[in-house]
Amino acid sequence: MLGNTFGTLFRVSSFGESHGPALGVLIDGCPAGLEIDLDHLRSELDRRRPGQSKLVTPRKELDEFEILSGVFEGKTTGMPIMILTHNSDVKSKDYSAIKDLFRPGHADFTYFAKYRHRDYRGGGRSSARETVARVMAGAIAKQLLSKIGVEIRGGVVRVGNVVAKRYDWDTVEDSEIRSVDPDVVDQMREEIQAARKERDSVGGTIEVQALGVPPGLGEPVFGKLDAAIAGAIMSIPATKGVEFGSGFQSASSRGTELNDEMLPDGFCSNAHGGILGGISSGAPIVLRFAVKPTSSIPQLKNSIDKNFQAQEIETKGRHDPCVALRAVPIAESMLALVLIDYWLQDRAQQSLRAQYDPIEEIRYGLSPSATKESGDE
Amino acid sequence: MLGNTFGTLFRVSSFGESHGPALGVLIDGCPAGLEIDLDHLRSELDRRRPGQSKLVTPRKELDEFEILSGVFEGKTTGMPIMILTHNSDVKSKDYSAIKDLFRPGHADFTYFAKYRHRDYRGGGRSSARETVARVMAGAIAKQLLSKIGVEIRGGVVRVGNVVAKRYDWDTVEDSEIRSVDPDVVDQMREEIQAARKERDSVGGTIEVQALGVPPGLGEPVFGKLDAAIAGAIMSIPATKGVEFGSGFQSASSRGTELNDEMLPDGFCSNAHGGILGGISSGAPIVLRFAVKPTSSIPQLKNSIDKNFQAQEIETKGRHDPCVALRAVPIAESMLALVLIDYWLQDRAQQSLRAQYDPIEEIRYGLSPSATKESGDE
Amino acid sequence: MLGNTFGTLFRVSSFGESHGPALGVLIDGCPAGLEIDLDHLRSELDRRRPGQSKLVTPRKELDEFEILSGVFEGKTTGMPIMILTHNSDVKSKDYSAIKDLFRPGHADFTYFAKYRHRDYRGGGRSSARETVARVMAGAIAKQLLSKIGVEIRGGVVRVGNVVAKRYDWDTVEDSEIRSVDPDVVDQMREEIQAARKERDSVGGTIEVQALGVPPGLGEPVFGKLDAAIAGAIMSIPATKGVEFGSGFQSASSRGTELNDEMLPDGFCSNAHGGILGGISSGAPIVLRFAVKPTSSIPQLKNSIDKNFQAQEIETKGRHDPCVALRAVPIAESMLALVLIDYWLQDRAQQSLRAQYDPIEEIRYGLSPSATKESGDE
Amino acid sequence: MLGNTFGTLFRVSSFGESHGPALGVLIDGCPAGLEIDLDHLRSELDRRRPGQSKLVTPRKELDEFEILSGVFEGKTTGMPIMILTHNSDVKSKDYSAIKDLFRPGHADFTYFAKYRHRDYRGGGRSSARETVARVMAGAIAKQLLSKIGVEIRGGVVRVGNVVAKRYDWDTVEDSEIRSVDPDVVDQMREEIQAARKERDSVGGTIEVQALGVPPGLGEPVFGKLDAAIAGAIMSIPATKGVEFGSGFQSASSRGTELNDEMLPDGFCSNAHGGILGGISSGAPIVLRFAVKPTSSIPQLKNSIDKNFQAQEIETKGRHDPCVALRAVPIAESMLALVLIDYWLQDRAQQSLRAQYDPIEEIRYGLSPSATKESGDE
């Protein structure tokens, strides 16, 4: 329950502050014998890294990492893997102006309320810089998932009032916008630039999918696969909501619209988003989540200080006007962490059953004839 | 990770099948000395119970319960509390028609894929009947929360295309609709009856709030309070999405709209929904979730059987056309379970700190002058 | 950490008080498709049951059980298994004499200190009656272990000053003494009867073994297999110590005596007790534990009451003069619970590794030429 | 269950290999506002460090550590504390002779069986070098325990055939032998030197005590305080047994001898070792554990290689002939980790109870008139 650790059988512990000496992640439960793909790990970190374009913060985080344990002669040993990144770009700048103030929309006040401590150097542990740990662990999880045929992908489906109309997954990473719809990339970019010009910020929605997930992952009741994923996604900074398949639209729908009929070759549709009763159906897992506009905006705001006195505050500095874009690899990582953990959980029990009642694996999923509107494949 | 248990310090284990001999819940971590309010427990069960009106299923579940352990002379002993309900209304009806078929939209297929077992008697463990365990545990959690000044309430804010426009929490339980807006109760009822007449079902959205939550509950990174709540809510049958505060609307908003400024007497607004950086702010916790239309509708649908042969299926029987109404007490229960667990977690650490660095409790929340549009108080 | 639950992947929750309406156990993580052997379950309960002879307490506990969930048509469904026993022999006798007193050597005082509650009806939750839950869960675990070739056995190796000199596992269950050495059964019986005559009680030592455990079970550092087993065994009422292989004798030994050399066909000896570095070696797992003499003895003792006033107390009633005999099936159960949990843990990771680096299973253990003094096979 | 993490509310994760670039420990759950005593941390590390005398290995491990997170301006922040030590004395020596061999008595074979990987550079993760992580975490736990009045101490009570006869806790750290009895220090030293001369090693027994533990720590059934401590102690490398209070002697005792009568001012004796029914009684917690002789001895032994071919092996190098001496601070650390975790667990529930049923703290323990033979105070 202590918040810095995630997972049961593939367990990830994150540590480090945004402006402390280092951040990192400790991974326990990775089987031995895996050749770690360092290039992939680095490229995942690059996807998360700020400074990729004019639209995201110009801060330069090098994200050089070192693996301090758990890997020997290029392969995992089954022991805990410690991956460390040093904070290379920590400026000893002057924080005195905001040292005792709470930035609206940030965790400054709530962390102070809980810990009576104000890490004024950029949010400390509540900074989105912490997500570097998630992406490092997520990269290892993705490498493992690829061995069992699971692929994860994500893209932006909304920025402010600009909404993606079609899906072309091949072009998502072609621009820093990461739109699933190449036709609206320019509009999304303009939406962000307009917000920036008005000293404002703008929100967005991201869709993430997992393809190739076998039927049967998930647990009953509280341990439903979508419950676990929802928790994992909501833990991403600035996230305000998460939905699966037909999502919130379900509330205004009729049962006949969402009933995902079944044919021998698969589901006719995927309103259920790949999970039924908390257990994967074999159809693509499809989820979306909403990211609020960046809370740090260069405008004067009412706030209070540590003594609960009224103050005005203006958050200056280097910030993304739309943090949604960078949330894509983070969300993919969280989804990967959940899936590998549930795969392990499922396999433990299937292995035991196989000792007394061997069963054949079931393959099922979306029918080739299913409608592809939602971008399922 | 095994799915039938929830919580770390207040731990709830659910068991039982919809048509087995009994369902129940085992609660560990309830402190000793609590006088259990049996009337409250019963009234909570009644709120969840089907058969309350023509709009919900006419099945009569008596939900008589017995407490088999953990309570002595009317008070909790600190030992595990076992509460059992016997399934009194289990008809030995003829299931042969659907015995080997998978009902579309249900967990029949996915449970079969995982367990190779088809509890054709009404869904078995995946039946919403399981939620009786949640409500019993939730009632105990609510009784504990009331001792620390936390109140939980919920109501329906949308049924199909009918949306609540204002909040009047005092009238929610006046009708079986549980609308937060008394003005639209009749429209919501008509929406449901229309669906029923067309042999169809309809979805809905529920809002749940927690008032009086002190600032400081929640953990960093993965253990964020909203992450835990999101997971808890998504575990409710038929739920397709969950959001906090400004929710999905955040994606189309500007930062200036959601920046919840702070005054010495509280937050000016509550777009953050009572949680910032994963930690409670003292403002009301506000969340909404979408429930899909009942999957069981009396229409012929394409499906398959256990041998993956094409079949047609029509789900007959006693079912709610809109399960959202009954989800209200279930969601309240899940929220209560999360909050009491996090309160315990927080208090453990605060108690230790108090041994070497005593600190005063912070009280903060929504400013009396804050806008009340969203029904916050 | 809440004390009434044990295990991670095979999770057992115990509940119920000695004189409450019922006791039981909830088992989560048992795979589907297992045909439960009810006769075996019942015979295990009989082995634990008091009233088996003159030497153990004449109380008659029928231990009739019912399975309320998780089993359908004779087979496990993968859902939580609830097994309930009703307390049939609960006399409404007069407890007023000891109602407010703490019995020396019992948990009366410590439970009162923690819970401020005195379940004077026989110890409540701290009564050894609780172990019925362990044995029921252990029976299921043993049935699963038998599918993977693991056999567990236990017997008494010491009663007071009578020590077993040789091992004959075939005769252990021939008498209520459960001595591993048939030659000392009568002496052990006399030791116990002598204690009883003198209104006293006597301690004992039990040895438990697991045969057929494959090499590789266990986790590094804190999760060592012997660490987990030691915790499980120490949780048995009245246990004061636990040791593996050469045990406490190691302290007075030289390294050359305990060095367990290795030959191609197995270990030459088993001073390590089947576990090296916390991981099973394939040799039999061998452990012993000491059980203190029954604390309830019919002699006047100094004690205090709930107001910390001096009192004299004499514990009357039906009690075993040597509880060690009945601890045998309980210890076997605890060992079974640990082993099945670790097997599942190990198999999860091996299954994942098999997806990218298939490895052959290693078989190794005690060499056929090894000395058999300690009863290894 | 993954083995490298310990604790629930005070959670410690260990990582690193003996000959890898670094070892360290990640601590989550330490409350904010604690001024870390770096001198104490360093002195604890020094106590564990080899190279303190001729009797222990001459290897020089500097154990310089750095704190990479969780501490800001000298105080804990409530965030995870990462403490790292670099392996400064890693010689690139020639391991080719034993590269593919399994050293008898070591974890080489079992780690290979599980992970199919042989970290020939000194045992990798199974090396006792790992205990540096335990001692660092234990130092923080001890600092917290001192704030609640709990003191932990340990000493050697047996080396080979030399047994301590009396307790003088003030002189334990005066020699590298750490004997609780200053009168037998020289004999213990001779016992060790004799073993060394004969190219052999010798075992020992350590006693650890916790003073000032309030009554009420511990959980029922599986979560007994002694069960948790037993697991923690058994996880220390080379440990073969653990016992509490009267321990294994209980097996040959009568009930009258161990019945720890109670007076208004405390227990008359402490055969129970400070724990009754799994819950602390207020009397000193007293435990002993046996450490086997060092497995690495410079004598030719039969072994096998990775291909299961017969080989002879002689373990050379720098090793302690009696590892028991260095186990003292490690055991103290493990005991500290358990106690702080259970204190937090207990306090969570007591805090909740205090909201509706305030109770006064109970103080109780060993009576001043109690016999002091076992060194209790």
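Letters A, B, C and D mark the chains as written, and numbering starts fresh at 1 in each.
Note that a residue touches a chain if its C-beta (ideal position, glycine included) is under 8 Å from a C-beta of that chain, and two chains touch if they have at least 3 such contacts.
If you're wondering where the values come from, they're calculated on a predicted model, not measured in any experiment.
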Fill in the blank from the handout: Note: of the two pairs A-D and B-D, more contacts are counted for A-D
Exercise for the section: Work out the mean Cα position per chain and let me know which chain is farthest from chain B. Expected result: D
Handout entry: chain C-chain D separation of Cα centroids, rounded to whole Å
Key = 25
Completion exercise
Cα centroid separation, chain A vs chain D, in Å, comes to 40
Exercise for the section: List the centre-to-centre spacing of chain B and chain D in whole Å, with centres computed as mean CA coordinates. Expected result: 45
Handout entry: Residues of chain C engaged with two or more neighbouring chains
Key = 1-2, 4-5, 8-9, 14, 29, 32-33, 78-79, 114, 116, 125, 220, 345, 359
Problem - In the complex with chain D, residue positions of chain A that touch it - result: 1-2, 4-5, 8-9, 11, 13-17, 20-24, 26, 28-29, 32-33, 66, 68-70, 72, 75, 77-82, 84, 114-117, 119, 124-125
Completion exercise
The chain A residues in contact with chain B across the complex are 1-6, 8-9, 14, 102, 104-107, 109-114, 116, 125-126, 130, 158-161, 195, 198, 200-205, 215-224, 226-235, 237, 240-264, 268, 271-273, 275-282, 290-295, 297, 299, 301-304, 308-310, 324, 341, 345-346, 359, 362, 364
Fill in the blank from the handout: Counting only contacts in the complex, chain A reaches chain C at residues 8-9, 29, 31-34, 78-79, 144, 147-148, 220, 340, 343-345, 347-353, 355-357, 359
